[in-house]
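Once you've had a glance at the structure underneath, I'll fire off some questions.
Read from first to last, the chains carry the letters A, B, C and D; within each, the first residue is number 1.
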Amino acid sequence: MDKPYKWTFWNREFDSPILLASGTAGFGLELMEQGFLCGAAAVISKATTLAPREGNPPPRIVETRFGLLNSIGLANPGVDEVLKTLLPQAVDLPCPLIINVAGDTVEDFPAVIERLEESPVPFGYEVNVSCPNVAAGGIAFGASPEIVERISILARSVSSRPFSVKLTPNEGSIVESAIAAEAGGADAVTVCNTFLGMKMDWRTGKAPLKRNVGGYSSPALLPLTVARVFKTSSAISIPVLASGGVNRAEDILELIAAGAAMVQVGTWLMRRPDAARELRDSMVSLLEDSP
Amino acid sequence: MIIEKEEILPGIYRIAFEVPLSFIDEAQPGRFIQLEVSHDSFPVTRRPFTISSTSGNSVEIIFEVVGRGTEILAETDEGRSLRLLGPLGCGYRLNPGKWLLIGGGLGAAGFPGLAARTECDLLLLGASSRDKLLTIPGLETAAITEDGSSGRNGLITDLLETVLWDSFGSIALCGPVPMMKAVIEMMPLQARANTQVSAEARMGCGWGACEGCSVPKAGGGFLKCCSDGPVFPADSIDWERWEGIH
Amino acid sequence: MDKPYKWTFWNREFDSPILLASGTAGFGLELMEQGFLCGAAAVISKATTLAPREGNPPPRIVETRFGLLNSIGLANPGVDEVLKTLLPQAVDLPCPLIINVAGDTVEDFPAVIERLEESPVPFGYEVNVSCPNVAAGGIAFGASPEIVERISILARSVSSRPFSVKLTPNEGSIVESAIAAEAGGADAVTVCNTFLGMKMDWRTGKAPLKRNVGGYSSPALLPLTVARVFKTSSAISIPVLASGGVNRAEDILELIAAGAAMVQVGTWLMRRPDAARELRDSMVSLLEDSP
Amino acid sequence: MIIEKEEILPGIYRIAFEVPLSFIDEAQPGRFIQLEVSHDSFPVTRRPFTISSTSGNSVEIIFEVVGRGTEILAETDEGRSLRLLGPLGCGYRLNPGKWLLIGGGLGAAGFPGLAARTECDLLLLGASSRDKLLTIPGLETAAITEDGSSGRNGLITDLLETVLWDSFGSIALCGPVPMMKAVIEMMPLQARANTQVSAEARMGCGWGACEGCSVPKAGGGFLKCCSDGPVFPADSIDWERWEGIH
């Protein structure tokens, strides 16, 4: 790779392959205030749905010995409020904003995207067919190649902006779903959303999360992401955005070597809001030191 | 950097960190920090602690060892540097007039800083036993313990019967949710309207991005503990739903 | 739970809920020699196939930062040799032996089991429809409820011994496959085999495993197993044998609280060949100390 | 328990453990131990090391820091107890007659114990540089380094030209696979038949259960390094396939 290091994604050149993962960066506004977006190629927003969503009852974050369970439940103010309040502020972001879109029905997705087309702000979309924390839609959509293709076709039909389909590792075949997304006109797939996980208190027989299961993330899951990125990127020709388990520069390089075009950082961003710069810089040092 | 560490009660520590002066300027009472307690990948998230007090270029927290994160912190040596985010969140509205502070257990951890910035007339403290009872020097204090090992014997609500609510323009309340709810319910309406509570919730980020730290909002929906709070007007919280979580 | 603690499984009473997981205990012979089977309810053998299998080219074990990748490829001497050499020695085991059975075709499973019926040794079988490390069969079988049911019916038809079907978390729906196993006559399901994982050397662009992907195990995966045990045990009425991520007594109790009847220990057994006793004893202490 | 630790060359350590006498009785040259280097859950598996020598109630290993496990081990203090399994595997067949030992780099780690139990006439050592060259006192030694920093300048195969193969009844060979293969290929057939090699493979269990430690077998299939070996007759290995792995 030649210096200065550049990564091209969706026809744009970036000096970093790092995307801030959906749900862990809000709409980038808090990070922007602190100057923490330096090093990030783009921010992916919290999921946006047609109607406002309260989200799941707390606790929504539970730590386990080696990872984190979340049960946010797509809490968000709804697309109207996002358009009215958040996107106007996001005009000032120093990097592009990709809007993560979720829905309870197949038709929700094009409906939300159609609304978002009104704003000049979105660089593109991430179509979230894989949330482990909601009753309707969620994983079930992502598990079915037919539904993934249908949602992709609908998304394509309402927007000419690029979009990625965020897949689930929990059900179905991630490779088949990736192929379906490509067939439906997606411009990338995100591999992948959180793994279904659960904690159980054996003394009380109760799970701390009210919905029992949640989305599990951990740096220990990196090899699972590497495998899925490798398998999907071997099967499709659109870019694969890797997501899951990154907390070191080496992890990013490993995912790129496995076939990722860009790499997302989520959970670790909550620990290190300035992770993008830290990781980008140390990644560049590794590249420079390696023969 | 940790410049001082002291076990002030069994399993309860006071730690002072050296911080930049810009930090001190913004360290209003009731705000908090997110501390990176972990020296490696686990536990993954930071741990939130109320700013207990500040002086010169140091900030103090008081914490109890309740799990792995606080255990690691208690074992971290003086001289070691930890990453620290903050001050975060919204602190107390520092109204003029007399203040009553009501704290349950470690809930009083934030009171030293608050007392220093307000006209604090009375501090009511409750704890399970003497071993859990923080003391805040220089304040008129009434204490009660569940086992009677210090102060009166009983629950903090037993101390409230004689409180002259009208004499306080502001009330600060912090402690376990059931305790806070019981206290709120004993208050006259006006006192309640003057009460600010310092809330806790499990946090992901601590800076408003993850929607992880929900506190049930009066009238429906949720507040974000980390950025809408952690200090809230007592009336803005849906106490029934909040108690239900705990 | 009353003292002395007992766990009943397949009509037998055990003083431990711990099973030694397939592929990590051989046929129990080495552990028996060292007196390390104390504390184990039963040993589950290395996969046995119709024909001998060399297994995959080395390296077969690669460690990652927080876990282990294996690519053994069902190396085993074949059912004839198992019957001739291993099972006669296994007569002396101080605990029952469950034979893990694998195959390249649906018909392989009943064929292997039928042969094993000749021996009085097997206490039951674990039907492995979920190996991540072979080209034919493997995960693909476990991902299809129809094939899982078909294999279960065939296994049932050739044996009256109890058997468990070992499911995959990598493809399909583990809950639907569990339901299919029960419908096909299985006496338990094992939840679950290893997760597909991969390591990639970013400097060379090569994966250390020759087949690129392998089976990933790690104590950090425990929450994934807890979730899958909870979901499957809520959906079926046959016992669920938990497998994945156990290295503490608390983990065993957590899995039981989530719905497991018995709990397997695999990777950790390679680190601590006497894990069964260690874990059983400390589990009993926890139970005794808890109100 | 670690009773002695010494950095004998840069990044190369000698560690002595206290062990029961029953261990010593079974610690034939060429056998190995599985050491639990990790103090917590990671790295998950143990690490295998050749028994270098034994004396009284202690066993010694010599190891090089090459990754996380050996790094942790190098940092583990004297006095600390580590779990240790062994002696494991099959060691050298201790034939009578004269022995030739050929070691590449850390491959010589097991030779002190072997030399003590056999009639060892000559030791040939190769390493990349002086910093990697083990010395085994009391043995007639010829050394060669790739950079010429100690002994001759070259590869170990350069030392073999003058070897009088017929004068040795047994040959022990241990080192990196390509080096061992090159050595084997220079030997006359008879010497080859007299050669025992000490093999390495990544291990899971170390005691024969997991099929993780395969070494390609002459004629097809695999040997288990941990229980069929780690010491094998040179002729039992398929050198082509083995080299292909490395």
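As a working rule, a contact is a pair of C-beta atoms (placed from the backbone, for glycine too) under 8 Å apart; a residue touches a chain by one contact, two chains touch by 3 or more.
A quick note: this is a predicted structure, and the numbers were derived from the prediction, not measured.
Among the remaining chains, the Cα-based centre furthest from that of chain C is the centre of B. Distance from the chain A centre to the chain B centre is 34 Å, each centre being the mean of its Cα atoms. If each chain is reduced to the centroid of its CA atoms, chain B and chain D end up 60 Å from each other.
A straight line joining the Cα centres of chain A and chain D is 48 Å long. Contact with two or more other chains is made by residues 41 of chain D. Shown for chain A are the residues that touch two or more other chains, namely 65-67, 218-220. Taken as a graph of touching chains, this assembly forms an open line, each chain in contact only with its neighbours along the path.
Every pair of chains in contact is given here: A-B, A-C, C-D.
Remark: chain D residues 36, 41-46, 83, 85, 201-216, 220-222, 227, 241, 245 touch chain C in the complex.
On the side of chain A, the complex with chain C involves touching residues 64-67, 69, 143, 171-173, 195-203, 205, 207, 212-213, 216, 218-224, 226-228, 230-231, 250, 253-258, 290.
Chain contact summary for the complex, chain A toward chain B: residues 23-26, 30-31, 34, 46, 54-55, 57-63, 65-68, 70, 72, 75-76, 217-220, 247, 267-273.
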